[in-house]
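Order of writing sets the chain letters: A, B, C and D. Residues in each chain are counted from 1.
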């Protein structure tokens, strides 16, 4: 039974993502969840052998990359990503069973969440007092413990604490989504599905030329990049860390060639894995079939390569 | 007296940065600060004419770019950056006057701040109960109002609420720093100082080639990039927004040429300004003097250009 | 009266090109032509002060670049090009006055020319015997001196030696053209006309990267290249000499910027001049006007640069 | 017995190169040489089935590429190169048997050759009269036929016509060399030797960007280019033909990948073959072994790829 560390406490969006990933078949059989207090702590549990996997937030459509996750993945013992799941960010307004909206005078909310449901609160609970909670899941706990009348929390937390849901899918910004990933020690990547993502972390000299050279390796092979982030490392003067996701799998020929070229060219390449995305994350990497047939034709002496075969 | 919107409430790090910027001479004379509840709200006040300037967080060494700030700068009426200030992120542990550490049983803290002073609390206040606050400044207010014995807050907030500082410069991660910027409607940039930064937002087709082409404009001119961030826009399929800071000023010839080239080449370029950084943010853009002399020499008919003059 | 060395002897295509250039106004007033026995010898006369200008073949549409001309321009004391003229390669079949085609049994021809009028000879003089001549002009001299009945020569040579022209504009390959240039010691280039050519010789490290970097300086500025040739130098191991013509004038901003960038980046740049081509040699270098207005607008604080002005 | 067309007549440098190539084992067994009057005519004989191979000059260290050869290879039915041989250009001064230098008053010479032995003639035969010959081999024939006392010709021609050699290896310019190639209809390339050359002809849009893109395919793979030539096609407006030789063999992984990329990217790629050069023509294409091991390691789940294995 795989032990999976996740960004807790119980009832967070991360835990919800974990169950989705487990249900998708990426984790065989039953799962033993283990709460951690930060993405870095969850990943550290895997490195220490206290968990087999870690489920952590990776990227948010509003906030961007989750830098603590990236920082933890980019240093220390290498880890690898095996699966991902994207959740719409949408809150549940929870109350103790039987409590009606007219009896709510205090609302517990993690401050970040409070900011994201401001419009809903202004309309439906204009006179309620906001009580800060320590996390989205903690808001439900505050309600269950009687410290607030209602809470801005998650569907999963409502279920955990036996609460009623006054309103579901509440969020001011309709396109907020978070992508979560499942990481573990390095191993053979999941099989290529044709809708995959590959991720690498590059360490580069801090010159525009170094960055252009690395990106050119993708451009010349027509490989789409879906995330690019670059910041100076504070620890090593004059170097960049370059976080990069592309469409495709290490078993796609074009991606394999790009990885090999980066290995030759960059100061350091950390491979974060290739894994299925379910739906295509972008243009499928160009099939090499036509060019390969042409090349084989040339080697066999066909006048125009194999393209006319 | 310029009205300056800032990410409040009173006593935040952003307000502290604002006073530093005002003190540096970037804002002439007295300043009238106006609290806003988000970076986007502060910038909106400037666009609406309710403030002359906005002071907002831009980049954090631990969390990365402040995406809500970037998003607000990248859309809507153009704004421009005129100054920046970088603050070490370090908290003050505040109490009501005369309260000793032995009498602290509850500690108010914004959850993000709580995570950053965990080690200090574990050592000095191991048995205290954490009470969530709505912001760093709000933690001081909670202490002043008697809702907690101590608070994880800022030096500025302590001063505002007449509180004692039990411990200053408290932070687990010693290198945490936030860069704040001062934005206003477009106008002539501050004069070139030789230690300047220029920032642009590019809208590009989602092809690795488009990105490489844009970065090549900097690489061929040997201009150092200090921040690069790129995410797909969700609104317009197949386009990237590319956030980019480089060393140098629009009045540096190489930077001016690069900007013109981007204007010709990109779907859209939003100029965010050129402003002094105080200390050099990287290599000074290459002086054009030698090459310009050479060119002038050629135009005048000197056999080897002007380099031997 | 300028002394002009040219690839002789009297009556060559080069001499014909020289008179065309003189007539175009590139050379003020009368000209004193001085025959030289090779392009290198003509250029050497200018270097030695024995001539003020040299007129030499530069490129042929069938044979390509005239390498001896390029080699002489690329080494030794710098020279600069001030004008060009392109001639269709077309021969005159010349005879002594009054001699009819039926009385021709021997034909003098420079072997290269003989190969280019083979079809005409096969049709009109199938039984005539070919007599090798030492040059195109020499073939006319052979006819004048009675050493052959007819000659494959130039219109100019026919005139010089008082010969009749049996057939004009004779050539098997209808698109053969040779471009000639007028070179002299370095001096201010002729004024920009809007239809100009600029030429440089680069010395580069023998790496594909060095070549790509140099060409990128033109590509990023959308400058069309009209001739590119590159060969390893035999004298200096691991270096290329890179011959390059582009559309535009050193007074076009984009060309000036590209030249400056090459000066910074290349081991050595030899500027061969900017001169009018009469008709456009390709797309006019992109006008910088729109981008410059945009930049000026930014410097003055216009929200969208100057593009909307 | 393979029939080999060559640039004749009998006794030319091309014929000498043909025998060297035949002797090197590139052609099995006996060879039947067939003289042709131009490089294009020799290649046309192969296309028409009148010869099995053609031996033609390809590049000269003084004159550059032999454009008529390139033009013929770049159009019409595809042909492929299977071998090359480089000859020093050095002339033999030939006389009829028993004739001493003091009895020489006329010298037959192809005008191009005459220009290359000018110094020798000035020193050793200052008063002799030059008689133009129709080719280097023709000069020997003129001597044998009594039309001149001596001839500037080749060692092979002297042997063919039973002439004595007054002086061997005569040439003013000591580094003149010509590279000859053996072409035939497409077929499997000769086996990779580790010291090979690969040649392609690209048809590109006439934009600096297209050229840079093509060259970048070699640059990103660290493949050395040994010849680069580019001219506008006169037939198709706005297109370049780009002649390119690189170090390596189609069976070198990096070369194969570059060829496939060009096939995807260029308007047209004509593969001219991969063949041994005897000695290394430049840096051996980078071995892919380390990067391939790394990639295989990643696929098998090794934390740092296979580089540490």
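What we mean here is this: a contact is a pair of C-beta atoms (placed from the backbone, for glycine too) under 8 Å apart; a residue touches a chain by one contact, two chains touch by 3 or more.
Note that this is a predicted model, so its numbers are computed, not measured.
Any chain touching subunit C that also touches subunit D would appear here, but none does.
Among the other chains, the CA centroid farthest from that of subunit C is the one of A. Per-chain Cα centroids separate subunit A from subunit C by 62 Å.
Chain centres here are Cα means. That of subunit A falls 26 Å from that of subunit B.
Separating the centre of subunit B from that of subunit C, both taken as means of CA atoms, is a distance of 57 Å. Shared contact sites, meaning residues of subunit B that touch two or more other chains, fall at 216, 222. Chains that are in contact with each other form these pairs: A-B, A-D, B-C, C-D. Looking at the complex, you find that subunit B touches subunit C at residues 77-78, 80, 185-189, 213, 216-217, 220-222, 250-251, 256-257, 259-261, 263-264, 271, 286, 288, 290-292, 294-295, 298-305, 307.
Remark: subunit B residues 37-38, 61-65, 67-68, 71, 110-111, 114-115, 130-135, 138, 175, 206-209, 211-212, 215-216, 218-219, 222-232, 234, 282 touch subunit A in the complex.
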